[in-house]
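Multiple structures follow.
Look for chain A in each of the two complexes below; its partner is chain B in the first and chain C in the second.
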Partner chain A sequence: MNMHVNLQHTPAERALLEAFDARIGNLPGDGLIAAKRREGIEVVKAGLPTRHVEAWHYTDLRRLLSAVPAEHGSGAQPLAPLLSGSNVLTVENGEAAGSTDIPHVAVSRLSAKLDEGQGYEQITQADAADVIGALNTAFASDGFVIAVADGAQLAAPVELQNIHGGGQVHARFAVSVGAGSRAQFIERQAGNSKALSSSLSTLHVGDDSEVMWLIVQEQTADSTHLAQFRAKLGRNAKLTLFVMNAGGKLVRQEVRVDAAGSGSDFQLRGVNLLAGDNHTDVTMVLDHSAPNTGSREVIRNVVTDRAHGVFQGRINVHQIAQKTDAKMACNTLLLSDDADFSAKPELEIFADDVACGHGATVTDINQQHLFYLMARGIDEKTARGLLVKAFLAEVIEELEDEAVIEALEAKLDAWFVQHG
Partner chain B sequence: MLEIRNLHARIADEGTEIIRGLNLTVKAGEVAAIMGPNGSGKSTLSYILAGREDYEVTEGDILFNGESILEMDPAERAASGIFLAFQYPMEIPGVATMEFLKVAMNAQRKARGEEPLKIPDLLKRVKEASGKLNIDMAMLKRPLNVGFSGGEKKRAEILQMQLLEPKLCVLDETDSGLDIDALKIVSDGVNALRSPDRAVVVITHYQRLLEHIVPDSVHVLYKGRIIKSGDKSLAMNLEENGYAGVIGEAA
Partner chain C sequence: MPAVQETIDQVRLIDVDQYKYGFETTIEMDKAPKGLNEDIIRLISAKKNEPQWMLDWRLEAYERWKTLEEPTWARVDYPKIDFQDIHYYAAPKSTPGPTSLAEVDPELLRTYEKLGIPLREQEILAGVKKPGHEASEDGVVADEVVGEKRRVAVDAVFDSVSVVTTFKEELAKAGVIFCSISEAIREHPELVRKYLGTVVPTSDNYYATLNTAVFTDGSFVFVPKGVRCPMELSTYFRINEKNTGQFERTLIIAEEGAYVSYLEGCTAPQRDENQLHAAVVELIALDDAEIKYSTVQNWYPGDAQGKGGIYNFVTKRGDCRGHRSKISWTQVETGSAITWKYPSCILRGDDSRGEFYSIAVSNGFQQVDSGTKMIHLGKNTSSRIISKGIAAGFSQNTYRGQVSAHRKATSARNFTQCDSLLIGDRCGAHTVPYIEAKNATAQFEHEATTSKISEDQLFYVMQRGIPEEEAIALIVNGFVKDVIQELPMEFAVEAQKLIGISLEGSVG
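Up next is the complex of A and B:
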């Protein structure tokens, strides 16, 4: 990374550096971890990425990150679980809390592990250019380390709540699912006051295992949320990831998946609900690094008011990954003249026997559909709402799990009540 | 019930005039058939009645129960009792047919100041009407018209019409794409709605449908005007001799 000599730090960068100096003495972990944290904060010292950095071209973090609350948050409100019967693990204002007793699942508090000199491998950044990983490495105060036993068929979902009452919170969840297992995880990102929140989840899906992971982000309209989801898939492993962004002012959700086991399959479905002055960026890097792997990504966006949306999707098909079947689609409904959306799909293919494709569309509401609904007596506002919801529900319904579909559609309805 | 006076209308985008001085009166209880060759303006007339924005009325008026509907949007027209059975019903992914029926029925009830239907009551009505139209309840769980066959789409239109109980039914080429069995089912559905306080406008190219839905009056539409009106014998005459004779007479 280039060192910027005489760099004039922005107020946000200064606030981050000050917060780091104030916190580093109290963050969990031994000297090795502290050294990693100091390495992580270098991304701030060097200046946060601007639009001149390709991966941040549509989200100029340096310009957009205007203010950073320095204080720790307090007074988080626990959330009712998305699905009833879930085992809930909560990180509240950056501190893991509550019971960790789940059948067939070993759960540890990250801070406890770090203080015992363990969990070194949990605190990493993906590569030198991984800004969110570096920032989270520097500041992560707590979270959970979770291991699902081989052959476990979890009856109830595990819900990971990262909640806060504002301020600055940084959490990390490290999950490994053993071979031949089946599990469902729900990641909730929410707070009730202005915050800078970073959250990093890592997932290893063992051979022949199947995991569904839902991310539901509902930060307040003045919050910044920087998140990353990293996964590695074993042989014949299957991962379905669903991302719903329904809040925040500045949001970046990165998805980095390596379909590393032959026969593995990755499905990404995403719904971005963007209103007000929201800026939301979903950036995915997917590696097909083994033969006979499949993936399909469908992102649907509804953008209104003055909101901006971004989807960057990059699929790397490695030379060894013959018979890869990868398809990516990003569809956007723009509902106001001041809203916009940028989509950048990329395919980099080094294998010769593959089927890969991508498509991106930006549309307005279909006028013929609208006329048809209105011709049945449905007023224009209701008809538009129905069509917008239908556009998103199509993706949600692909999840094929009734309870999940119902819960997510209820989230859609709640968003429309607020922003329709 | 319906009175169209010297109606002129054109395509809003490019200004081509399609309806050129059309006059038509349909009384309550009457079934009026509008026939005409391709391109005479039949479908356009149905869209204008329903309030589609692609067409612009430049002259004349459309009165429904004595009041002009030109300033009303499609939803207001529907709530006031006008129903168009589409020639090509729209496929709308993501909207379950049942959900759509519920929203539409309750929207119209709301516009009339009535309470929304309770779910059991709604289901009962839908089940009853579907049974008669040979519509499987499983079909109603699917997205609206998506993947429906031509016949299924037309039956779904008639189902909507029965559930919404309009005062004026406009059927645009409802017979197109139907085999004889489906034609019978659809016609029975329409006939069941005939009543002294309801009018039906049947737009069709062929006389075939009119053997099942017997009209009280028949009107020939050509180049955007009604050029001849008569009783059902006019339809039979057209079937035998084609439109050329009638067009020649009017010219």
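Up next is the complex of A and C:
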């Protein structure tokens, strides 16, 4: 990146650079980590990506990122776990807190690991173009390193809470699940005041293991949330990822999954609820890099008011990945003329014996469906609400876990109450 | 690695080595020196006896071009083009504007004879064919319109100049103007000035800007109000001379209620070095007008090692300027080493409609990055995209398309289907659609699939005694049927054969 010689930094970029200078001395880790952090901050020095960077075409981060608070916030409100009985691990205002005692699971604080000179591999960016990874690498102050033992069948979900009382917070969760295990993780992203939050989760799913991972994002309507979920699947591993975005002003959730083990399977389900002036971008890059892998992605978006929605999904099928079966669908209900939605579902295929497909639709509520309900005496507002909810609930119900479905539908209802 | 060797052997056999239009015609040529500068542009303009405004327009484009950078976003890979190493003007010497066939160099006529069927212009040039004598060599009978043979008016462009246009007088009777663009600039400056560059502006993109500066010829069609063009119009493009670039410019205007169907075919000699082709096509449809534009692109694709072939960088755009207007693009792309081409529709008029039907076949080391843009601006506009990509050998085949609905484009409707077929595991098929909706009443549907020919299908056909290669051709032709049936009859048969030939040797 040598083209930015005479770059004029934006106020947000200046604020980030200043925050970095102020924080670097206190961030955990030795000189090696500090060097990685300095490398990470280069993305800000070089200028944040604009719409001319293909991966950020619909989310011009440089233009959209405005306020960058300097300080950590304080006074985060603890969340009740999404599912009762979960083991909760909390990062509060960028600092890991609370008990780390979970059966069959080794949990350590990221900051402690780094200070002990361990965990270099936890602090990385995916590649040179990984802006969120770089930002998070530069600033990550704490989080958890979690290892689920081989053959463990976790009885209760592990809930990872990244909560804050505003300000600027950067957390990281590094999870590895051993061979032949079963686990459920719930990632909560929330705060009670304006914030710039970045969060990065990495997951390794061991051979023959099965993981369900839920991300529930409920930032305040004036917050920026930049998040990344990175996963690598072992042989015959199965990962189901569910993402719900129901908050924030500027949100980018990246999903990078590598189906690297033969016979592995990846399922993504997403529900994005966009209202007000929200801008939410879900960007997925999925690699099928082993034979006989499968994937299904279903993303449902509801966009209203003046909100902007983005879905970018790219499926890369490597030459070795014969017999790949990949399907991606992105369906959007665009409910307001002031809102917009952009989709870019890409297929990049180098193997011939595959069955890949994607579908994308953008429509308003089906008038016939509406008429059908209204003809039965249901008023228009209720009828519309029912149809929108049915459109979203369809995806949630595919999760086949009663407790999860119930909890997520409750979230859905809460959003509808708030946004009518 | 025997498997690799096997693949290489197969690819060695493929058609790219057996390109049947690879001959070269030796005709005395009038060439401008290599290189690009203001003097060359002045020379081109002077050769064409152009008015001052045209020269000014070219020079302005050249100034803009110097400030632009070559685009790199497409999924194509090629060594940097040296724009100073190209002849920007080459014309057969013996044709100072032919007025009748007798004046055309017989060498040229022989060239068209060799080019053969796509347009059957030899027969046409020779005069009207007798009814009942229509069976072509493959036994397919051309369709007849009310007992009369459908005729095709041809404008043939040889390197930089248009050498002959047929049926001009008959078209003139209907009020249709069909001539080379150079002639139009001289004879109908008011029309050219009014419309040229209004769809693809001067600085639209790198290649379009270059074209504006140096375009040498192309076709001009004007169909006046309420006229249904009495015959198919066609242009035949041929790059013949070494180290020349072909930069043609086509402008088609259909006034209120007019209809025209236009065909375009292209070939080039077989050469080791790459040649550049950068064309601009502008279509304008006013109220209730319809333009149907079909292309069979069969430029030399390079040899089995990927050496040589045409770099095809084309800007094609249609403007549905009037209400209820319609523009339809149909393309069969089998040639060129590199294809960079996105025939688009701007749906400006209310209730206007845009269509894009495409078959892109790539084999050998060909790289195709093609697709369309449907820009919905008016109310109740609709568009339809059917794209079929077939990749074999070591080729890369990308569909890149954009569908967007503007805030005011209420009830915009789009349906997109792009399917890819992979033959062999060394090629790639990619789909990059951009879908942008800014209006709640817009209804966009997009679907894409990628697969190989299923073993079940193949087995089904083969067990009926059909050899594998034919079985594959049959299945492929079924795969592309949706597009083939959009082509005018004259092209449909040829296109079907072309696809078969292009894929020859890719299986086994």
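Here is the rule we go by: the second predicted complex is superposed on the first by the 418 of 420 C-alpha atoms of A that agree within 3 Å, B and C clash if a C-alpha of one lies under 4 Å from a C-alpha of the other, contacts with A are read in each partner's own complex, and residues count from 1 in each chain.
We adopt the following convention: a contact is a pair of C-beta atoms (placed from the backbone, for glycine too) under 8 Å apart; a residue touches a chain by one contact, two chains touch by 3 or more.
What you see is a predicted model; the values in this text were computed from it and never measured.
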* chain A superposed: clash or fit between chain B and chain C? -> fit
* chain B versus chain C as contact partner of A:Ala96, first or second or both or neither -> neither
* To do: Tell me which partner A:Leu82 touches in the superposition: chain B (first), chain C (second), both or neither.
  => neither
* Asked: Per the overlay, which chain contacts more chain A residues, chain B or chain C?
  -> C
* Return first, second, both or neither, reflecting whether A:Arg376 touches chain B, chain C, both chains, or no partner chain. => first
* Would you check which partner chain A:Gln322 touches, where first means chain B only, second means chain C only, and both and neither mean what they say? => second
* To do: Once the structures are superposed on A, label A:Thr361 by its partner contacts, choosing first (chain B), second (chain C), both or neither.
  => second
* Identify the partner contact of A:Phe350: answer first if only chain B is touched, second if only chain C is, both if each is, neither if none is. => second
* To do: Classify the contacts of A:Thr332 with the two partner chains as first (chain B alone), second (chain C alone), both, or neither.
  => second
* **Three-chain overlay, closest Cα atoms of chain B and chain C, distance in Å** => 13
* chain C residues within the chain A interface of the complex -> 73, 407, 420, 422-452
* Structure fact -> chain B partner, complex, touching residues on chain A are 367-369, 371-380, 382-383, 386-387, 389-394, 397
* **chain A - residues contacting chain C, complex** => 54, 57, 319, 322, 332, 334-337, 339-364
* Of chain B, residues touching chain A in the complex -> 50-53, 73-75, 77-79, 83-84, 86, 89-90, 92-95, 100, 103-104, 107-108, 111, 143, 160, 164
